[in-house]
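Shared between the two complexes below is subunit A, which has subunit B as its partner in the first and subunit C in the second.
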Partner chain A sequence: MSVPTQPYRRSFGDMSERALAVWLLLPAGLLLGFVALYPVVRLIYTSFFQYQLTQGPEASFIGLANYAAALEDARFWNAFRNTALIVLVTVPGALVVGLGLALLANLPFRVKWPVRLGLLLPWALPLVFVGLIFQWFFDSQYGVVNDWIVRLGGERQFWLFRPDLAFWAICFTIIWKTSSFVALILLAGLQTIPKELYEAAEVDGASRWQVFWRITLPLLTPAILVAMIFRTITAFQTFDIPYAMTKGGPGNATETLAMYVRVTSIENLNFGYGSALAVLLFLVSMAITVIYLRYIRGADD
Partner chain B sequence: MKKFFWLLVAILVMSGALAQQARLRVFVGGQQRPDVLRKILDTYQQRNPGVRVEIEVGGATSDQQQQYLTTVLASRDPSIDAILIDVVRPAQYAAAKWADTLDKYLPAATRQALLKQYLPAYAKANVINGQLVALPSFADAQFLYYRKDLLEKYGFKPPVTWDEAIKQAQTILAGERNANLNGIGFMGNISEGTVCSFLLPIWAAGGDVDEGGKLILTEAQARASLQFWLDLMDKHKVSPPNMAEKAQDTIRQEMQAGRWIFGTLFAYAWNRFQNDADSQVKGKIGVVPLPKFEGGRSASCLGGWQWTISDFSKNKAQAYKLVRYLSSPEVSKILAIEASNLPVFPSLYRDPDVLKANPWFADALPVVQSARARPVHPRYPEVADVMRKALNAVLARTKTPEVAAKEVIEGLRAIYR
Partner chain C sequence: MKINNPRIWLWIAAAIVVLNGFFPALWIFLTSIKGEAELTRIPITYWPDNPTLQNYVQAFREQPLARYFLNSLIVAGFSTLLCVSVASLAAYALARLHVPRRNLILSLLVGVSMFPVASLMVPLYQTFNELGLRNNYLALILPHAALSLPVATLTLVSFFAGIPRDLESAAMVDGSTRLGALWHVVVPLAAPGVFTAAILAFVNSWDEFLLASTLLPAKAMRTLPVGIQLYQGEYVFPWPLISAALVVALVPVALVIALFQERVVGGLTQGGVKG
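What follows is the complex of A and B.
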C-alpha cells in the first residue's frame, strides 16, 4: 500500500506561515471560544433581560434595569460587604501565613517531606471538604474548638451562628485552606533567589533581619504579586467554604456575592437578575486584576 | 433462497418491534428508594412489552435534585420524561412551563373522579390555576415523635397542646438530671425544615400565609411564631441554646441516640428509630399529631412527592400512561409496604397488608389529613428563603422577633405584591 504523504506535504508547504498559524491555533481558539468566551458573552447578554422562569419562559429586553435594581438591593450590598471583608482579611492573612510556611519549607531540613506534605495537604483538599470539616470543628456542641475552650476553663461559643464569630471562623478556614497555595508560589520564588547574594550578605556581616528585608523580600515581590492576584480573585468568588459552614447564616450575615448569585439564579430561577449580579462580580474581579497588572508593569519599569 | 427470505422477514419484524419500543427515563431522588421503584417498573415493563423505563437517580435532598433539574429543564433537554417532584414545586413547574398539562389526556369528568380518590390536600396541591400539573406518588407529614418510656415513667399522656408538651418536657428534664437529654427538638438551621417550623405555630393558632393568592399573614402572627420557638430555648429551657444549628437529620440522629424527649420530624424518622442497627430507642418511640395551642387546631406541615411529565419529553403519551400507573392505588400500596411511604389513598391506611408492615400508619391518617400545605406560589423558593432566614436569625439571637417579623412581612409583600 502506498502512503499518500507527498500531496499533503506539498499542500502544507504551499501554505503561507500566517495561514498555517491560523490552522494550528484554530482548535485552541475554538475550545477557548466555547468554554470561556461564549458563556461570558451569553451571561452579559442575559443580564439585559427580564428573564425569570417563575413568571414564564419568555424573556424581555429591559436594558440596564437589572443593574439599577442591584445597586438598590440591600441584600446585594450586604453580600458585597461580606465578600470585601473576606478579601481584606484572608488575602493578607494567607500571605503572612503562606510566607512563613514558605520560609520554613526553604530551610535546609534534612527530612523535607513533613513540611512539604503540610504545605500540599490543605491545597489538595477540595473546598467543600474543608468547609464541612471545619463546620464540625466549630460546631457549638460537638466541635473540637469548643471542647478545647471548655477544657481550658472557657465558655462555649456559638461559632457558626454569631455573625462576628461566624465571620472569623470562615476567615480562619479560608486562610488555613489557601495559605498553602500562596506558600507554594512563594517557595518557587524563594528558590530563584541566587545563593551568592546571601553569601555576600553574610560576608558583609548583615543581620538575619536585614537579609530578609533587603534581599529576600524585594526579590520575592514578583512572586508575592502573582500570589496576591490569584488569591484576591478567588477570594472575591468565595463560595464553597461559607456555603458549607453557615449557608450564609445566621440570616444573611455571612452570605457572599457568589452565594447570592447562586440563590438568585438556581433557586429563585431569576436568570436575568442573577446574570447581572454575576457580571458585577466579574467586573470587580477584572478591575482588581487590571490594578495589579498596572502595578506589576510599573514595578518592571 | 427460502431460508434467506425467512431471515429477511425475521429481521424486518424485529426491527419493527425495536422501532415500536418506547424508551422512557424517569428521575427520582437518591433517598426515594430507586430499588423499590425498579421493581415497580419491571412489573410495568412486563405488562407493556413495548416500553422500557430507565431510572435516573438524583441527589438526596429536594434542593439538590432541583439544582440539577433546573439545569436540565432550563436548557429544554428532552432526556427526562417523568420527574418525581416535591409537593412545594408544582406551582413553579407550571409557571416555568416545565410540566406538561395532564388535562390533555383527561376529560373533565374523569379528572374529577380521579382526583377524588386521593387525599384532598394532594388533589389541591397539584392543580395550579385550574390545570392539573402532576399526580401524587406518596404522602408525607410532620409528626410529634415522643419517648413513650419517659412519658410513662412520669405518668404523662402524649401532649395535645404545646403548653402540655413544654410542662412535660420541663418535668422530665428536672427528674432525669441527664445533661445529654433535651426537651423539644425542631429544625432551626437554614433549610426547608425550618420553613415548616416557622409555619407550625401560625397554623396551630388558626392563621395562614396566603388565601386565594393574597398575603394574609400579619406581623403579629409572624412575631408570635418566632417568639414561640425562641421561648422554648430561652424562657422554658426545653431546647438547648444552639437550635440555629439544628437540621432535621441532626435531630433524628440525636433522638435515635436517646437525646430528645420530643421531636418534630417527618415520617421517614419512624423507620430509622425502629430499624436502624444503632438505634437506642427501638420500641420506645410513639407518634402523635403535632400539638395545638389552646383554642387552636393541630396542624402539620404537608410533604409528599408527585409525578410530573416534562414538557420537553418526546414521548408524552407513553409518559402519561406510566405516570397514571405510578400514581395508582396498586403502586401506592407497594410503596407503603416496601418503602414505608405514606399512601396517598385514604383507604390504604386501613389495608391489612399495609398495617402489617407499618402498624403506626393507622394513627397517621388523621395527621396527614389535617396537614397544611406550605404556600402555593411560583416564587415559593423566595417565600421559603424569607421565612427560614428569619427564624434562623432569631434563634441565633442576631435579630429580635419584632425586627425579624417586620422583615418577613416586607419580604413577603415584595413577592406577593
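What follows is the complex of A and C.
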C-alpha cells in the first residue's frame, strides 16, 4: 500500500468535517432517494389518478376517488381481512414456537453448531421455496401430512383446495418459517440474563415454573417486544408464501393485501387504483414502524 | 434407563430443534432423488427405493436452470457489492463525524427498512419501464441494494463505533489523512462487520421474489425463485423438477450459513437486542 500522494492529501485534508460527512452520505442518499423515497412520492401522486394502461395512456386526476372505491371494494376488504387474520394467527404463533425453540436451544449443549444451524436454516430458505416445499407437504395425494393422517387412521384432506384448510396450512407454514428468526432474537436475549439470578433462585428453592415466570419472562420482555413488532410489520406485507402455495385461492380465499396490489397494478395494469391500495398497505406498515421507533427510543433513555 | 437423566433431555431438545429446522430441506432432497414412478406411489415412500439423479439431469435439460442460477448470482453479487460499499461510507460518517440531525437520519433508515416491497413495486415498475430498464439487471440490482442498505448501515455504524478512536488519531498524527487513516486502520478492523453486512445482503437478494418477478420477467432474465415458482404452471406433475431445482438453488445459501453461522447470528440479532 502506498502512502497517499500530496495532491490527494491536500484535497481531502482541507475538507471540513461537515463537507466530508456530506460526501460520504451522498451515495446512500442518492440510492435510497431513487429507489425508495421517489417511488413513495410517485406512488402517492399516482393514487390520485384514474390511470389504467389497458384503457389508454392518459391519466386523469380524480382526487380521493380511488380510496373511496377501495372502501367499497369487497375484494379489498377480503384481502384486508385475510391479512389481518394472518397477523393475528402467525405473530403470536411464531412468538410461542420461537420462545420454545429458544429455550431448547439455550440448553448447555457441548456441540453447538447443529442446533444453531437448525435455527438458521428456516431463516435462510427463500420464502417462495418454503411455500413450494410446504405445498408438497400438504399435497392431497402424495403429501407427507396426509400420509401421517392416514397412518393415524384419519381421512385424507384437500388441504389447499378448501378455504379454511388452505388458510391454516398457510399460517402453519408462515409460523414455521418465521419462528426461527424469533428464536434467534430471543436466544440472544436469553444469553444476556445474568447467571447469578438463576443461581440465587436455586438457592431460594424456586421451582422451574417460578423461575420461568419470575426471572426469564420479565427479563426477556424487551426482546419479545422487538421480535413481535418486526413480525407484525412483515406479516402485514405477507406475499410469497400464500402466493407460492395457493396463488390466493381457492377463489380469493387466501389473497392478501400485497397480492391484491400486485394483481391490480402489475397484472391488470391499473396503476391508479393499485397505487391507492399500495398506499393503504404502506400507511399500515408505517404506523406500526412509528410505534416501534417510539419504543426503541424509549428503551434508549 | 433413568428418565431423570439430564443428558437424555439434552438429546431430545437438540433433536427437536434440529429436526424442525432440517426436515423440510431434507425432505425436498429425498424427493429430488426419487424417480417420478416412486413419487406417484401410494403409500408414499420415505427413504428412496432406488436413488437416481434423473431429476437433476431433467432440471438442467428442460429448463434454463443454469441461466436462472447465473442471473441470481449476478443480481445478488452486484447488489451486495453496491450495498456494502455505499453503506460503509455512510456508516463511517454516522459513527465518526459530526452529522447534523444524526438521530433523524438513523430513524429514517429504520423507517425505510420497513417500507413494504409490494408498495414500492408499483412505482418501480413504472419508472424502470419508462427508462427502458425492465429486464435489465440494473432494474433489480439497484432496488435490492437499497432494500438491504438500511440494515447494512445500522450494522456497520455499531461496528465502526466499536473501533477505538485513538488508533485513528494516532495514524492521523503520523501524517496520514483522514481517508488514509480510514483505509489503513479502520477498514481492516471493520472487515468482519462489512462481511456480516454482505452476507445478510446476499441472502436477502437471493431470496427476494416480488420485485424480481416484476422487474425481470423475461424467461432469460428470471432469478431462481421466479423461474422455479413458474414450473407449477408448466407441468402437470412438477415435483421431480421443482425438488431438484430447489436443491440446486439452496446450495449457495446453505453453504453461506454453514460456513459463517456465528457471524450471521450476530448480524441478525444485534439490531434486535440493542434495539
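Simple rule for what comes next: the second predicted complex is superposed on the first by the 266 of 301 C-alpha atoms of A that agree within 3 Å, B and C clash if a C-alpha of one lies under 4 Å from a C-alpha of the other, contacts with A are read in each partner's own complex, and residues count from 1 in each chain.
What we mean here is this: contacts are C-beta pairs under 8 Å (C-beta built on N, C-alpha and C of every residue); 3 or more make two chains touch, one makes a residue touch a chain.
All values derive from a computational prediction rather than experimental measurement.
Chemist: Will subunit C clash with subunit B on subunit A after the two structures are superposed, or do they fit?
Modeler: Aligned on subunit A, subunit B and subunit C clash with each other.
Chemist: Quick one: is A:54 in contact with subunit B, with subunit C, with both, or with neither? Answer first, second, both or neither.
Modeler: Touch partner of A:54: subunit B, not subunit C.
Chemist: Quick check on the superposed pair: does A:140 touch subunit B, subunit C, both, or neither? Answer first, second, both or neither.
Modeler: first
Chemist: Is it subunit B or subunit C that touches the larger share of residues in subunit A?
Modeler: C
Chemist: Between subunit B and subunit C, whom does A:252 touch in the aligned arrangement: first, second, both, or neither?
Modeler: A:252 contacts subunit B only, not subunit C.
Chemist: With both complexes superposed on chain A, which partner does A:46 reach: first (subunit B), second (subunit C), both or neither?
Modeler: Second partner only.
Chemist: If we overlay the two complexes on their shared chain A, which of subunit B and subunit C does A:163 touch? Say first, second, both or neither.
Modeler: It touches subunit B, and subunit C stays clear.
Chemist: Would you check which partner chain A:109 touches, where first means subunit B only, second means subunit C only, and both and neither mean what they say?
Modeler: second
Chemist: In the superposed arrangement, does A:267 touch subunit B (first), subunit C (second), both or neither?
Modeler: A:267 contacts subunit B only, not subunit C.
Chemist: Which holds for A:21: it touches subunit B only (first), subunit C only (second), both, or neither?
Modeler: Second partner only, subunit C.
Chemist: For subunit A, give the residues common to its interface with subunit B and its interface with subunit C.
Modeler: Correct list for subunit A: 139, 141, 266, 271.
Chemist: Please output the residues of subunit C touching subunit A within their complex, sorted ascending.
Modeler: Going through subunit C, the ones touching subunit A are 9-10, 13-14, 16-22, 24-25, 27-28, 31, 39-40, 42-44, 82, 85-87, 89-90, 92-94, 97-100, 105, 107, 110-112, 114-127, 142-143, 145-147, 149-150, 153, 175-180, 183-184, 203, 206-207, 209-210, 214, 224-225, 228-229, 232, 239, 242-243, 246, 249-250, 253-254, 256-258, 261-262, 264-265, 268-269, 272-273, 275.
Chemist: Could you please specify the touching residues of subunit A with respect to subunit C in the complex?
Modeler: Against subunit C, the touching part of subunit A is residues 1, 3-4, 8-9, 12-13, 17-18, 20-21, 24-25, 27-28, 31-32, 34-40, 42-43, 46, 101, 104-105, 107-109, 113-130, 132-134, 136-137, 139, 141-144, 147, 150-151, 176, 180-181, 184-185, 187-189, 192, 222-223, 226-227, 230, 233, 236-237, 239-240, 243-244, 257-258, 261-262, 265-266, 271, 274-275, 278-279, 281-282, 285-286, 288-289, 292-293, 295-296, 299-300.
Chemist: Write out the stretch or stretches of subunit A touching subunit B in their complex.
Modeler: Interface residues on subunit A, with respect to subunit B: 53-57, 139-141, 158, 160-163, 246-253, 263, 266-269, 271.
Chemist: Of all residues in subunit B, which touch subunit A in the complex?
Modeler: Subunit B reaches subunit A through residues 63, 66-67, 70, 74, 92, 95-98, 189-191, 240-242, 244-245, 378-379, 381-382, 385, 389-390, 392-393, 395-399, 404.
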